[in-house]
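One chain, subunit A, appears in both complexes that follow, with subunit B as partner in the first and subunit C in the second.
Our next item is the complex of A and B:
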């Protein structure tokens, strides 16, 4: 193995496993938020005295939030923002710029190991358990579409974080903006309310933005809320990935020039 | 001998802010430009050890960042191995090693240094044979046998700095740039770091550029460059530095009695810089002291002992900094 980028990935995997108890506990606490939302929707269905809302049953909502909770680490990628902010704030970007690698990949490589571990050890087992308990209808097409949807969600979310993190060169501390974007992701992306509960015009407009691709699309495909036009929806997501990747590259090029002015 | 570094008339300024100390004065912060380097030029040849000196804010760290390709100059040029380190950063950094002192460690805090060394091995594509041989030699050279497998955060500052140096030179770079590598490091560790630097230069012809405030680090340097307020004030050997700032020696006199009378008598030889417990220390210019004065000391029955010694490098640097201050005051007037 001699690829420098693989070397970076390997050292960050080791770093993630340095504190195993913390890693295990933070993984387990990921399921607390969906539990809370399930109780809220349980109350809504009970007091409305209806069996379906917008064609969705309470059991579907329960499954939806379990899936959302499982994918939460994808839409909460504040680690990239933190990594870039610390690099600028503490000047540690200098130690990364002296390596024969392109810095643009470093924030991504630093978060991928922890996310892969979360995905492999919590998301996949819990989704299998969910499938076995609830008997959701799954076939190979849905599984592949869901996998692509998760990848798109991960890329969109991290690219947005990279763009926010880049601005730490001017603002130094961008954690507040990162948190703000996280809440926007949750509200507009379907993390708190599935976006089909919004008025049709708003949900249609939202589907033109990158936000639903981070939560609603992968979760919707998995539980069957999204069952038509899946290929078109995924292509739109891929277009957003390309657009955000280009924006990230342009922003970083501009920011790295200004880094020279501000100094590190 | 070939030039490894060529810095020509480099200027660099940074945008910075200043605000008052009042609670709400951050609303009125003042933006201004700070000149970090103001036309600095120098060259470094292959195999040289060059010490960059200067007080805090003199521009030393900015030079280190320019040489490592982290920043680029506003005007002038920087060439490392004939290449622009900013434009061709990835190609240049393959052949340089950098130690940023204790401020920006490259060791992974939660992992033992051995993991960082393995990371460096893969990053710079060092083969197993070379890696094992070099690591063994460097570990032995810097006395790290008991250290490099323990978690980094549990190591002392000196141990960490020595491991930082291993991480910077494991890929056998042609040029090693070090920003205050011995800050907070104890004497035995400093000695082993200095020995390692000399060893690597003598054996492999590595070039070293280091900023430091520790006088002992400078004594092994082939050349000294002194910076102040972004301007190069001196570039030469230690001997040239001593010549520039006068030949001053220190005369130590130890009396048996009549301390005050003798102190007054011999203070005419130069400037008394210390006097206590029947002992005075005088800064003298040996060239201007008549031999009769030495004979008088030799024959004085109340002088128990005397010693004439060359000033230490620290005194010379102190003189240099005083002269810088004097000149800058003159320029302001």
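Our next item is the complex of A and C:
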């Protein structure tokens, strides 16, 4: 007898490849997106006539934006939100709940195939290419720390999405909150600019939130902006994962009760 | 002709009122979406503020001049969403255009004017606020502001007609999803138009003027008033814009004749 979770995964893998042109072009443009910011920073470094800004060289910034561009679409917390909202609003959750799969895993199963495919076929090859072209310093410790950082980023992003998606039972449209998190992530997480460029007090405060762990921390470890206290930073990220997992569980437990009451 | 325009404006205003009521009927949603739109609007301001805080900025452009480009970009992005351009592919793919075809109106007019996305007024107003702030600090006179706004509106009209044509071409050719067009126009185009185009080099500058004409609404209007674009160049661009609008309009109308019910 086949594993029901694997069967669901297979369906979502097929779904990923249903629109190949859109998938290819979207991925391509996501990768090209950082190119423009590189031009901007090239102009800034050139006009300021400096080799580093806040200790970051132009070549580090170039690699940073490529890494961010590659991670951005993996940690964008909107697909789980959309999935849960559709299930709850259209009532299809009733069917989902009687399947031999715990619903709590369904939203994650819906996004994991696409994310793994994108990560394997675009992120990893491009990171290897970046390493070969730029010759940035990498060792086994940095590679492992980066991998853990990406995993933490992925878990934080998806757990946040799960919490937001759970509120579909109370709100008519939660996709706005998902989009909001996306923008907060871009601004406060290092998506549009490394948070090290912010005034020190702001960047220190931001490191106390989960947002930098979604983009800045993995990208910073990869390019060497974060080169001290890496273990402590990763432990803080893991703590955030645990906190968000607990919140997710509590929220879902509460929401599940209300779902029975309204009969959705 | 005048009565026809009046009729379209009347329907547009009524559609806008209806959409705004539908948006604000759920107040929590409206507040959340409002905040999200504000967040997305200020990301450009944050980026350039940080850049000018840690460096000398961009050669030949002071902070408020670049801020003006950010404001104009926000207004352009707001209008792109307001006219429901990114909803057009779905309308064509799921047969939503069927009901429009039976009405005695111009199909292009119906696509752009009869389904305004009212929440995006917030983006347009935020963009205008940024524009007005920069104009104030740059001590721009009323005439200069009016010149910029006039050139901006011609540029936006060109960009909107270009995007409409692109969506229709892609629909006719593939009938597939076109998420990539959103990435191309909003992320790549939006980033490019927030900065002086000359920093991207000649090839990309031409690309963002003619191929993906985002610069027509931002860089050239502001650049002309700041004395960075000559009158001859500007006049040539205006002629190009007018010809483009007519060509894109004719092409869009022809492409709509290829529409097959329920997305084929």
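Basically, the second predicted complex is superposed on the first by the 260 of 264 C-alpha atoms of A that agree within 3 Å, B and C clash if a C-alpha of one lies under 4 Å from a C-alpha of the other, contacts with A are read in each partner's own complex, and residues count from 1 in each chain.
Simple rule for what comes next: a residue touches a chain if its C-beta (ideal position, glycine included) is under 8 Å from a C-beta of that chain, and two chains touch if they have at least 3 such contacts.
From a predicted model like this one, the values you see are computed outputs, not experimental measurements.
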| item | value |
| --- | --- |
| First (subunit B), second (subunit C), both or neither touched by A:29 | second |
| Partner chain(s) touched by A:167 [first = subunit B, second = subunit C, both, neither] | neither |
| First, second, both or neither for A:183, with subunit B first and subunit C second | second |
| First, second, both or neither for A:15, with subunit B first and subunit C second | first |
| Contacts of A:6 with subunit B and subunit C, given as first, second, both or neither | first |
| Touch count on subunit A, higher of subunit B and subunit C | C |
| First (subunit B), second (subunit C), both or neither touched by A:98 | first |
| First (subunit B), second (subunit C), both or neither touched by A:44 | second |
| Partner chain in contact with A:119 - subunit B first, subunit C second, else both or neither | neither |
| On subunit A, the residue positions that both subunit B and subunit C contact, one per complex | 19 |
| Residues of subunit A that touch subunit C when the two form their complex | 19, 21-22, 25-26, 28-30, 32-33, 36-37, 39-40, 42-50, 53-54, 171-173, 176-177, 179-180, 183-184, 186-187, 192-193, 197-199 |
| In the complex, subunit A residues that touch subunit B | 1-4, 6-8, 10-11, 14-15, 18-19, 90-95, 97-102, 259-264 |
| Residue numbers on subunit C that touch subunit A, as the complex places them | 26, 28-29, 32-33, 35-36, 39-40, 42-43, 46-47, 50-51, 53-59, 174, 176-180, 183-184, 187-188, 191-192, 195, 199-201, 204 |
| Touch list for subunit B against partner subunit A, complex | 14-16, 36, 62, 65, 68-72, 89-91, 93-94, 96, 98, 100, 103-106, 108, 110-111, 115-116, 118-119, 122-125 |
